[in-house]
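Think of it as A, B and C in the order they're written, each chain with its own count starting at 1.
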Amino acid sequence: MSDALLSIHVRRKTFGETLVLKDVKLQLQPGEVVSLLGPSGCGKSTLLRIAAGLDRDYSGELSSAGESVAFVFQEPRLMPWLSVARNIGFHDDGHYDQAWVRQLIEEVGLSGFAEALPKALSGGMAQRVAIARGLYSRPKVLLLDEPFSAVDAFTRMKLQDLLLDLARRHDIALLLVTHDVDEALYLSDRVLVMGHRASGIGGGIDVDLVQPRDRRDPVLAELRIQALTQLKSAHVV
Amino acid sequence: MTLFSRMSTPLLAAIVLLASFASVTQAATPAEVRLDYAYYSPTSLVLRHFGWLEKALPGTKVDWVLSQGSNRSLEYLNGGSIDFASTAGLAAVLSRANGSPIKTVYIASRPEWTALAVRKDSPIKTVADLKGKKIAATKGTDPFLFTLRSLQQAGLSKDDVELVHLQHADGRIALERGDVDAWAGLDPLLAASQLQAGSTLLYRNIEFNSYGVISVTEKFAAEHADTVEQVIKAYEQARSWAREHPDDLAALLAKESGLPLDVAKLQLSRTDFSDSQPGAKQIQALKAAAPILTAESLVRKGVDVNDVVDQLIEPRFGAQVIGKQ
Amino acid sequence: MSASENTLAKAAPAPRRASPAWRRGAKGWLLPCLIVIVLEIVVRVGWIPAYQMPAPSDVALTLVELAQGALGKHVLASVGRVLAGFVIGASLALVFAAWVGLSREAEAYLEPTFAGLRAIPSLAWVPLLLLWLGIDETSKVVLIAIGAFFPVYVNGVAAIRNIDRKLVEVGQMYGFSARRLTLRILLPAAMPGLFTGLRSGLSMAWMFLVAAELIAATKGLGYLLSDGRETSRPDIVLAAILALAVLGKLSDGVLAAVERRCVSWRDTFTGEATGNRS
C-alpha cells in the first residue's frame, strides 16, 4: 500500500558468515500497533534496527515515507550527567522546547522529577523517560526493542497502558519487538511471528479487539493458544 | 591494657638494646677506614696512589670515595659514609656552625684554587659589573663563599645577582656555553677552562681562599684517636713526596683527573704544601672570613661564628705527628 | 500520578548514620601528631643526633623564619612553574588522548611511541633537557609538562575507550555528526576518567618540579631543598618538604572540588555499605 508509514524489505542480512534475515517484508500503516514476536536470535531486533536506520549493512529497501522515526532501546540509555528534562530534550541540545518537555513529563507520570538525575530513578521511571525522549521529536513511528523486558511484571503492565495511551493521544504508529506473547497480544493490532534465525516471518495473528482492552478478555486467551500453536509449529516452544 | 601500652615496653627495650650495640664498637682501630679523595686535593691522590695508609694499617680495610666538592664531602661525612673529609676550611666552618659535630685535624694545602671566571670575550670587566647577572657557583663550597666575599667587597649582596647552583663541572660547561655570565671556578677545572677555553679570571684574591683541610667527626676523634694520627702521618708522607717530586706530582694529577699536563701544572703552581699543622694562622684567617656567613644568612641567627672556628680547629692530633717524622 | 508511583520511586539512598565529618577528619590527624611528638622526644633526649634529624619544633621555627623572609618568593616561583607546566602538559595530553581514543588509525601510529616515552623516568630527562634548552625556565617548565602529560594522556584514552557503546548509539540514532557526538556524548561521558588523569598529572607535575629545581635553579622550593642540603641545614630541608606537601595537597584539593562539581552525577560505589535499599 502506497500510504504505508514504513515499508521495509530485507532481501538478505548476514552477520559475518551467519545469515540472519532472508526475504523479509513488513509494512506499517498509520496508527497501527504491530509486534514482532519470536525467540532470541530470530532476527527481530536486527530487523528493527534496520528499520531505524541504525544498521545499513544489508541488501534490500527501506522507505519511511519521509516521516520521522524514533527508537526506544531495551535499556533506558539516559545520559547520566543530564537531568530528566534535558535527557528528554536531548535531540535539541541546550535549547530544547521546555513547555513540550514539561508536558511529556506529565504524560509519562513523572511530575516533579524534571531536575532529577538518572541515578535517582528506578528502572521503570528511567524507561518512562526514555519513552518521553522518543516522543520528543514528534515522530509518526515509534520503534521499540523489548522496551519492558527489564522491569517487573506489574511495572510492565502499567508501562504498556501508558504506551498505548501515548500512541493514541499523539497518533503514533508502533512497531514493537517482544518475546512476551501476552504483551504482543495485549498491545497489537497485528502480531508477526518469527521462528528461528532466517526463517522469516512465519505466521501472523490479527487481533481484532478494540482498545482499551481488558487483560481478562477470553478472546485474548484464545488468541494466545493460536500464537503458541504457531510458535510450536515453528519449533520455538 | 590498650594496644599502645602493651607495645610500649617491648618497643622501649628494643630501642635501648639497639642503642647499646652502637657503643659496643669501641675498638681503638676500626675494622674499616673510609677516606675521600678529590682533584682539588692533590695529596689525597698521592696517598691513594701509593697505598701508604693501607701499609700503615694492615688489619684495616681502607676505602676511598671520590668527592666532587666540599658540599658533597661534608654531606658524606655528616651522613656517616666517610670518616675523613677533604674540604675547604670555610666550608667546614659553615657545616660546624649549622650543627655538624666535626673537627678539623689537618691542613692539606694552602691553595689559590678559586676565582671568578668569565668567558673569553666577556664585556664584564669588574666585580661590580656582575650586578643582575648570572653566576654559577656550587653552594656550600669555597668558590661559593669566595663569590660572596668578592661581591661584598664590591658593595653587592647575593640578592643583587642570580646565583645558579651547579656542581663544579656543570658550572664550567654553563660558562663556556654562555648560559651564565660568570663562574666561580675550582681547580683543576678552573685551570682547564683557562687553558682550554680561554676563560679569563675576572677577580682573584688569595686571601679569599680558605685552606684545604681534613676533618673528622667528634665521635670518630674520640673513639679512634690512634687512627687519626696514623692517617695524618700517612698524609705527611704524601706531602713530603709532593714537595720533592713536583713533576711526578703534576703527571699523577693529570692522569687521575683526566686533564692535560699543563692544566695540572697550572693548578699546582698556585698550591702551597709548606704548612700542615692547624694553628693560630688558620684560626685567624677563618675568623676573618667567617662574618660573611652571618652577613648572608647562611647560618642560623644567634650563632657566634668565632666560637665555631675555635671549636672546629683541633691541633692536638697533628701536634703528635707533624715535625716529628 | 498515583501514590503508588511515588512509592516505586527510588529516592537517593539515605546515608547510614555515619560519624560526623569533623570526627572522621580528626582521626586522620592522629597519626601525624603521634609521629611529631615521638620525634620531638627522641631528638631532645638525644637518641637521634639533631644534626641529622632536627626536632619538629626546630623545623617549625625555621619555617616561621623563612616565612618572614624569602619563602614567599620561593613558593611563588615553584607554583608558577607547576601551573605553567601542568597546563601545557595536560592540554597537549587531552588533545592527543582525544585523537588516539577516537581513531584506531591514530592509535596504531602513536600509541607505541608514547608507551616507550612514558617509561623514561623523570631524572633521565634532566641532562637531555639541560643540554638542549639550557638552565633557564624553559627546561624546567618542559620537564614538568612532560611529567603531567602521561597520566592525563593514558587516563584520557582509557576514559574514551571505556565509554558505554550504548550511549554512543543513542547519538547515532539521532544522526549526530562526529563533532556533535564528541561534544554531547563522548566528552561528558569521559569526564570521570579525565579527572582521574588530571589529578594524577598534577601530582606528577609537583614531583617533576622538584627534579627540575634540584638542578640549576636560583629560586623555588626545590632550590630551598638543595640549599639546606649543601649548607648542612636539615631543618631547611624538612621545611621545604613540608611546604611542598602542603602545596601539593592544596592544589589537589582544588582539583578535587572541581571534579566533585563536574562529576556529581556518577552512580558509583562510595566505599560505604548502605544495607538494603527498599
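Simple rule for what comes next: a residue touches a chain if its C-beta (ideal position, glycine included) is under 8 Å from a C-beta of that chain, and two chains touch if they have at least 3 such contacts.
None of these values were measured; they are calculated from a predicted model.
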| item | value |
| --- | --- |
| Chain with minimal offset from the mean of all protein Cα atoms | C |
| Chain at maximum distance from chain C, centres defined as averaged CA atoms | A |
| For chain B paired with chain C, centre-to-centre distance based on mean C-alpha positions, whole Å | 41 |
| Rounded Å distance between chain A and chain C, as computed from the means of their C-alpha atoms | 47 |
| Computed distance of Cα centres, chain B from chain A, in Å | 87 |
| Shared-contact residues (touching 2 or more other chains) in chain C | none |
| Chain A partner contacts - residues on chain C that touch it in the complex | 1, 5, 8-12, 166-167, 169-170, 172-174, 184-185, 188-189, 191, 265-267 |
| Of chain B, residues touching chain C in the complex | 15, 19, 71, 74-75, 78-79, 94-95, 98-101, 134, 138-141, 162-166, 170, 174, 177, 179-180, 297-298, 300-301 |
| Parts of chain C lying in touch with chain B, wherever the complex brings them together | 47, 49-52, 65, 69, 134-136, 215-218, 223, 226-227, 229-233 |
| Chain A residues touching chain C - in the complex, by the definition given at the top | 52-54, 71, 73, 75, 77, 79-82, 90-91, 93, 109-111, 113, 117-122, 124-125, 155 |
